[in-house]
Amino acid sequence: MVTSTSLVYLIALPLFGSAILLLAGRRSDKWGHLLATALSASSFGVGLYQLSQMLARPTEERAITQKLFSWINVGTFNVDAGLLLDQLSICFVLLITGVGTLIHIYSISYMSHDENRRRFFAFLNLFIAAMLLLVLGDSYLNLYVGWEGVGLASYLLIGFWNQKPAYATASKKAFVMNRVGDMGLSFAIMIAFATLGTVSFSGVQEASHTASKAALTGIGIMLLVAATGKSAQFPLQAWLGDAMAGPTPVSALIHAATMVTAGVYLIVRSNFIFDAAPTAQLLVVIVGAITLMFGALVGTAKDDIKKALAASTMSQIGYMVLGAGLGPAGYAFAIMHLLTHGFFKAGMFLGAGSVMHGMNDQVDMRRYGALRKFMPITFATFGLGYLAIIGVPPFAGFYSKDAIIETAFNAGGVKGILLGSTALLGAAITAFYMTRVMVLTFTSKERWEDDQHPHESPLLMWLPMAILAIGSVTTGFLFTRGHALVNWLAPVVGEHAEDEKVLLQPVVVSALALLAVVIGVAIAIRKYQLSDVEKVAPQNVSFFTRIARKDLMQDSFNEAVFMKPGQTLTALLVQGDEKVVDGAVRGVGTMALGAGSALRKTQTGFARSYAALILIGAIVLIAGIWVVTQ
Amino acid sequence: MNALTTMMALPLIGSLLIAIIPSEQVLRIKQATFITTLLVAISGVLTWIKFDSANTALQFVESAKWIPSFGINYAVGVDGLAIVLILMSVLLAPIVVLAGWNESEGGRWSPKVFYILILVLETMMIGVFAATDLFLFYVFFEAMLIPVYFLIGGFGSGERAAAAVKFLLYSLFGGLLMLASIIGLYVISGANGGHTFDITRLSELHTYMSSTTQNLLFLGFFIAFAIKAPVWPLHTWLPDAAAAATPGTSVLLLGVLDKVGTFGMIRFCLALFPDASKTFTPLILVLSVISIIYGAFLAIGARDIKRLIAYTSISHFGFITMGIFAMTSQGMSGATLYMFNHGFSTAALFLVAGWMISRRGSSTIADFGGLQRVTPIMAWSFFIAGMSSLALPGLSSFVSEFLVLVGTYTRYPVAAVIATFGIVLAALYILIPVQKALHGPTTPGNENLSDLNLREKIAIAPVVAIIVALGFYPSPLLNVINPASAHVLEVQGFTDPVPSESAGK
Amino acid sequence: MNPFNYLYVAGLLFTIGAVGVVVRRNAIVVFMCVELMLNAANLTLVTFARINGNLDGQVVAFFTMVVAACEVVVGLAIIVTIYRSRRSASIDDASLLKR
Amino acid sequence: MTFEAPVLHYSILAPILIVLGGALVGVLIEAFAPRASRRSSQLFVTVASLVIALAALLRVRNQVSVSAAMGSVSFDGAGFLLQASILIIAILSVFLIADQENFTALAAAVPGSEEERHSLQADLRVTEVYPLTLFAVAGMLLFPISSDLITLFVALEMLSLPLYLMAGLSRRRRLMSQESALKYFLLGAFSSAFFLFGIAYLYGYSASITFSGIQASIVGGSGNDVFLLLGIAFISVGLLFKVGAVPFHAWTPDVYQGAPTAVTGFMAAATKVAAFGAILRIYYVTFANAQWQWKPALVLIAIITMVFGSVVAISQRDVKRMLAYSSIAHAGFLLSGVIALSKSGLEASIFYLFAYGIATLGAFAVVTLIRDSAGEVTDLNRWSGLGKRSPLTASVFALFLLAFAGIPLTSGFIGKFSIFSAAYESGNTSLLIAGVLSSAIAAFFYIRVIVLMFFKDSVEDGTSVVIPSALTTTTIAITSAVTLILGIYPAPLINFIATFATFVR
C-alpha cells in the first residue's frame, strides 16, 4: 500500500490551532478566530491536494497510509499511531474540513459578541482535528481516540454557555450517553483482539474471511451500539435534542453535518464485518428504520426550530443507517445521503442560526412568520436546503434518499417491503414537518412582538449559507452521474452486482416518493399556511402530539429505567458503606473495647479473689495436665 | 555509591539539614526541602535513563549484611516495574512540595516537622520499591506508616486524629498478618537451605510448601496489600484519611503508598506463591470488579470533593488488581502503567482540589459553582485532571485502562465486560462534580476567588504535560515495563491466550 | 504404717490452708494459712525423705523453716503498717487498687 | 560416713557475693553512718557493687560449670547473659531509685500522722531501699543459675521479700502503696507455698533435688508420674505467678500501680528477666523430656495471657496499669519462647527479655517525669497534649510504646520477629497466630496513648513535665538509645547472644 508523509498535517494543523488558542489564552483574543479559520481552511487545502494526488493514482493504489510511531505495543497487542486515507475517508475529510471551514467563517460573525469567542474557535479546531483522526485512523483503537475526542469537543461546545445549568446538564447528558456507545466500541475492540488477534482495519478485514460468524456478529452488534450512541440512533438518541443547547454553528457542524454521522462511517468502514454477520446487519436496518420514523414523528411536534431540525437530523441519519444496513447495495448510497445531508442540513442550521440572530435568539417557531420579507437570503438558502431534504428533484436529497428507498424496497421479501414502505412513509412525514418549519418561519403571517426587528445577517454569515445551498443543489446530481460515487467507493465497500430482478423499478420508486412528498407538503400547507397558528403551543392536543412533543417519552423512559434506579442504588451503597462495611470495622473496635472493660471487672481489688483465681488456676492446671496425659 | 542507595540517602541527609535550620526560617526550610526533592527527582530520572530495559534481571543491585544470623540483608535492586514506580514517586515529591507550599502552616507542629516527615517518607517510598530483601521491604512497609500517620494527624483537617488512627490500625493489622506469613516463609526457608529473605531465593520455596500452607501465607500477604491498595471491602480507611490529610499528603498516600499494595501483589504474592495466586485469582477478580463498580458509585454519591477522589481511586485500584491477576502481558503491563498514570492523574485532581478548597475554605462540592468563570485556569486544570481520571483517549490513563481491559478480556471476558461499565460511571463521577463546581452560575462566596498563581501553575504544568505526553506516546514507559511484566508471567508459567479465530489458525 | 497416709494428711493441710487464704478476711489469719501450707509442704518433704530413704527432703524442710521465718518478719512488718494506717487488719478493706 | 568440705568456685559466684556484700555494707551504713551522708554513700556503694559485679561477671563469661557450688549452681552462657541483663537493668534502675522524690520519708510513719509531717519537715529520706535493692538483685542473680530446688526456692524468696517491702515505700498515695505491698506479699507467699509444694512432689518423684537428678529420672521414666505431674504443676504456678501469666497475673496491675514508679520499673524489668531465666532453665534442662505433660497446658496459658493482657489493656485509664497489662501480654509472648524449646527459642527469649526490660524501664522512667503538685500523674487523660508541652519526652515515650507494639526500627520488632519465628519453627502455629492477633489488639492502645499525647489538646490542670535529674536523664537516654539501636542494627547483640546462649546439663 502506498505510504505518505503528509497525512498527519490534515490533523496536525487544526490540533495545533486549538493548542495555541487554549495555551495563549486571552492574549490571542484578537487574532485567535482568524488563525483557527485559516488552519481549518489550510487543512481543507491539504485535503484537496490529497484528493488530486489520489485521482492521479490508479484505482488500486488510491488508498495511502502513514505510520507515525508505534503507539501501544504490549505482547501481541500492537497498535501503531497510523493513518489511512482511502476513497471513503477522503469524502469525510473534505466534508469535515470544507463544511468546517465554512462554519468557522460563519462563526466569526455569529460569535463576534461573545467574550469567549477565542475559546469557541479553539474547540472548533479541536473538533476538526478529532473528527479527522476518527476518519483517518487506520485501526479501531485510533478511531476510538477520535471517537471520544469528538465526544469531548461536542461536550465542550454544547456546554459552551454552561453558566446556564440546563446547558451544562445537556452537555453532560450528551457525554454520558456517548460513553455508553463508546463502551460498545471498546467491547468490539476487545472481542476483535481476543478472537481475531488484531484491531487494525486491514487486519480485521483480512481475518474476517476466516473468522466464525459468532465472533463477527458480536463485533458487529457492539459496533452498532457504538454507532447508535454517536449518531443518536434508537435507543441512544435522547441526547441530540438537548445538544441544541450549543451555539447554532456547533449544531450545524457537529450535530448535523459531521460528528453524528460518524456512526454511519463506522458501519460502512466495517462493511466486511457486517457483510459476514447477517444478524448484526439486520439489527442495523431495524435500528435505522425505527430511528428514521422516530425522528420524523418527533420532528412534527417540535416548535423550537433547532429541535425540529435536530429531530430531522436524527431521522435522516436513520435513513443513512438503514442504507448502510442494506449491505454492499446500500453503503454507497448511505455515504451519498450523508454527504448531501451534510450540505443541506448544515445549511439549514446556519439558516436557523441566522434567523435567531435576526430575532434576537428567539427559537420558538410560533413566534416567527413571514420572515421571507426580512431575510431574503436566509429564506433562499434555507429554502434550497428544504427542497433538498424533502427530496424534490433535482435537488441533492432527491438522489440520495430515493436511492436508499429504492434499495430498501429491493432488499427482497417482506423485509424489503417493510423497510421500503417505512422509508417512504418517513419521506412523507419529512416533507410534512420540514414544510411546517418552512411555513411557520418564513411564509405564514408574522407572530413576533413589536420589539423584534428581524434583519438579514451580515455577509460573513450568509456567504457560507449560500455556498452550502449551492452544495445542496448540485451534489446529488454530481454524485450520481455515471454512478460516480458508487464506483469511487467500490474498492472500499465492495462491488455490488446490479441484481436483475428488482421489486420496483427506480422510476416507480421515484414516483411513489414524489407522491409521498406532495401529500406531506399539502397537509402541512393546509394546516399552517392556510390557517392561523397560535403564538403558544395549544395544550388541548391529541395524546399523540403530546408524547411527540415529549420526544416520545424518551427522557421519561431513561429516567424511570436508568436514572432513578441508579440514584437509589447510589444512595443505598453510600449508606451501606457507612453503616455496613465501615460499621463492621468499627464494630470490631467496639467489641475489643467491650471485652476489655468486661474482663477488667475480674480485677476486683480484693486480694482474696486474686488468691481464689490462683487456686482455681492451679486446680485447672492440674486437671488439664491430667486430662492431657491420661 | 549505588544509585538507589544514593536516592534513598539524599532525602535523609536533607531532613538532617532541615533539622538544624531554626524552625522560624520557614522559607529556608521549604526551599531546602524543594531542592532536596528536586535532586532526588533528577537522580531518579538519570537512573531511569541508565536502566537497561532489555535486561529482565534486577539492576542497580546492592547488598550488605544486616542481621546475618537471620539471613537478613540490606539488599536493593530494581526491575522494570520497580524503577517505574520509583520514578513516579520521586517525580511526585517535588511537585507535592511546590504545590502544597503553604499547607504545612496551621498544623499542630511547625512546618519544619512537616518537611522532615515528608523527606523521611520519601526515603521509605524509594526503599519499599527498591528492596529485594523481604525483611527490608517489610521494615519500610511498616515504618512508612509512622510519618504518614503524623502527617495526617498533625497537619490534616477535620477528623484528622481519628482518620490517622484508622489508617494506622488498618495498616498495622494488615502488616501483622503479613508478618505472620513472613515468619512462615522464614521458617520454611530455614528448613530448605538456610534462612534467607532474598526474594529470588524465596521465590523458589513454593515447591516445598503444601498447598494449604501456600494459600495461608499468600492470604497473609494479600490481605496486607489489599488493605493498602485498597480493595473492597478493606477500603473504608482511605476516604477518611484522604479527606483528613493535606492535599500533598493525600497525593503521596493515594499516589505512592497505595501503590505499594499493588506492587507488592506482583512482587510477592505472584512471585512467591504462584499456585496460591492461581487458586485465588477468581476471588480477587470478583473483588476487583466490585471495587471498580462500587468505588465508582460511591464517588458518584460523594458530597465531599476529597472523598470523591478517594472513591475514584478505589475504582481505579480495582482496575489495577484486575489487570495484575488477569495474568496476561497486556493486563500486567497495563496495570503497572496504570499505577504510574494513576499517580499523576490523582495528583492533579488532589492538588487542584486542594487549591480550590484552600481558597473557598470548604471541601463540599455544593459550595463551589461557576468556577470556570471566576478562576478559569484552576477550573480547566481540574477539568483536564478529571478527563484523565475518566481515561479519555489521548490522555495517559486511557492507554493503561484499555490495556487492562483488553488483557483481562482475553482470559476473563466476564470480568472485563462488567468492569467496562465502569467507564460510563467514570463519566458520571467526573462530570457531576465538574458541572457542580465549575459550571452553572457563580455561587455566592466564590465571586472573588483568585486564580492559580505562578507557583501553582509551575507545579501543575509538569503533571498535565506528563498526562498528555504519555497519552500519545507511552512507549518510553511501556518499553521498560514490558520485559519485566513478561518476565513475571513467564515465571508464573503463563502465556497470553492465542486469538481464538486468528487468520493464522 | 503406710507413709503415704502422711502425704494425704499433708495434702489435706495444704488444701485447708489454701481455702483458708481464700475465705478468711483477717490478714494475720490469712498469713497463718499460708504458713499452714508451707508446713504441709514440709510434711510432704519429710515424708518423701522417708520414702526415698535420703535426707535431702529433710534438708529442704530446714531451709523452708528459715525462709518461712523471714517471711514472717517481712509479712508482719507490712501487715502492721497497714493496720496502723487503716486501723483494720481486714484485707478486704485494702481494695483501693482495682479494675 | 565421711564429711567432705564443700568446694566453691568463688570466681563464678563472685557477682552474687559482691552484690550481697554491697548489701551488707549498705545495712551497716544504715546502722552507723550519719543521716546526712547516707544517701550519697548508699548510692555509691550500690552502684559500685553492681558495676564491680558486672565486671566480675564479664571475667567469667566463658566459664561453664555445674559444680560451682556443689552442684546447686550451674553457670553457663545463658546464665551469664541473664545475669548480665539483670545487672545492667539493675544499674539503670538504681539511677531512678536514687531520685528520692519517689520514696516516703519514713516508711514506719502512719500516713497523714504527726510523725510523717515531722519526718517530711526534717526532710528525712529512706535509704534502706538501696540495700533492699541489692538483696533483691542478689536473689535475681541466683535465681536463673540455681540448679537445685533448694537454691531455687531460696533465691525466689530472696528476690521476693525485698520487693514486697520496696513496693510499700511510695512517697505519695501511701495507702495505695502499702496496699500493693500487702497484696504482693500475701499473694507472693501464697504462690511460693504452691512452689514449695511442687518442690516436695518433684523430690518425691525423683528422690533428688538437683535438676540433673530430676531430669535423669524423667528420662529414666521410673517413678510415679502423678508426683511428677503435681510437681511440675505446682512449681509452674509459683513461677508463672512471678512472671504474671494469666490466671496468676492478678497482682500485677495493682502492685505496678501502687508501688513507687522507680520500683515498678525495676520489678517489671529485672524480675521478669530473673523469673523467665529460671523458667527457661528449668523447662529447657529439667522438664524438657516431659513436654508431653506440660506443653499443651503452657501453650494454652501463653495464648490466654497474650490475648487477655492486650484486650484488658485497651480499657485502662491509668498509664501504670496499662503498662502492667502490656507486661502481662509480653509475658505471654515470652512464654512462646519457652515453649519453643529450641536454641533459637532460647536466644530469642534472652534477646526479648533484654530488649523488653530496657524499654519497660525507660517507659516507667518517663512516667516519673509527668507530675503535678500531688506527685506523679498517671491518669492517661491528663497526659493529653504532652507532645505540645514537651515534644522530646512525648517522643521518647512514643518510641517505647512503638517498641512494645513491635513496630520495625525498634528493638521490640526484632524481638517479636525472632520469638515468633522460633515458636513457629518448633511447630506452634497457634502461638504465632495468637501472637499476631493480640499484637494487633495491643497496637490499638499503644496508639491511643500516642494520639492522646500528640493529637489531643492539653488540659491546663497543673500537670507538667519536671526537669529530670541527671541520673534519670541518663537512664532515659540509655534505654531509648538501646531501644532504637537494637531496632536498627541488632546484629552484634544477636550474634553475641548466639555465641553464649546454651544451657549446661
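Per-chain numbering from 1; labels A, B, C and D assigned in written order.
Definition applied: contacts are C-beta pairs under 8 Å (C-beta built on N, C-alpha and C of every residue); 3 or more make two chains touch, one makes a residue touch a chain.
None of the values given here were measured: they were computed from a predicted structure.
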Handout entry: Chain closest to the middle, measuring from C-alpha centroids that were averaged per chain
Key = B
Handout entry: Comparison of A-D and A-C by number of C-beta pairs in contact, larger one
Key = A-D
Handout entry: Euclidean distance of C-alpha centroids - chain A vs chain D, Å
Key = 80
Exercise for the section: For chain A and chain C, let me know how many angstrom lie between their CA-based centres, rounded off. Expected result: 97
Practice task
State, to the nearest whole Å, the distance from the C-alpha centre of chain B to the C-alpha centre of chain D.
Solution key: 45
Fill in the blank from the handout: Distance between the CA centroids of chain C and chain D (whole Å) is 25
Completion exercise
By the touch definition above, chain B meets two or more other chains at residues 169
Practice task
Give me the residues of chain D that touch two or more other chains.
Solution key: 182-183, 186, 190, 194, 253-254, 444
Practice task
For chain C, jot down the residues that touch at least 2 other chains.
Solution key: 18, 21, 30, 91, 94-99
Completion exercise
Every chain pair meeting the touch definition is listed as A-B, A-C, A-D, B-D, C-D
Practice task
Show which residues of chain A lie in contact with chain B when the two form their complex.
Solution key: 69-77, 81, 141, 144-145, 147-149, 152, 159, 162-165, 168-169, 172, 175-176, 179-180, 182-183, 186-187, 189-191, 193-198, 206-207, 209-212, 215, 569-571, 573-574, 577, 581-582, 584-585, 589
Fill in the blank from the handout: In the complex, chain C touches chain D at residues 7, 10, 14, 17-18, 21, 27, 30-31, 34, 37-38, 40-42, 44-45, 47-49, 51-54, 56-57, 59-60, 63-64, 67, 70-71, 74-75, 77-79, 81-82, 84-86, 91, 94-99
Problem - Contacting residues of chain C [partner chain A, same complex] - result: 18-19, 21-25, 30, 91-92, 94-99
Problem - Complex interface listing, chain D residues touching chain B - result: 387-388, 391, 402, 405, 407-409, 413-414, 416-418, 420-421, 424-425, 432-433, 436-437, 439-440, 443-444, 447-448, 451, 454-456, 489-491, 494-495, 498
Completion exercise
In the complex, chain B touches chain D at residues 65-70, 108-109, 138-139, 142-143, 145-146, 150, 153-154, 160-161, 164-165, 168-169, 172-173, 176-177, 179-180, 183-184, 186-187, 190
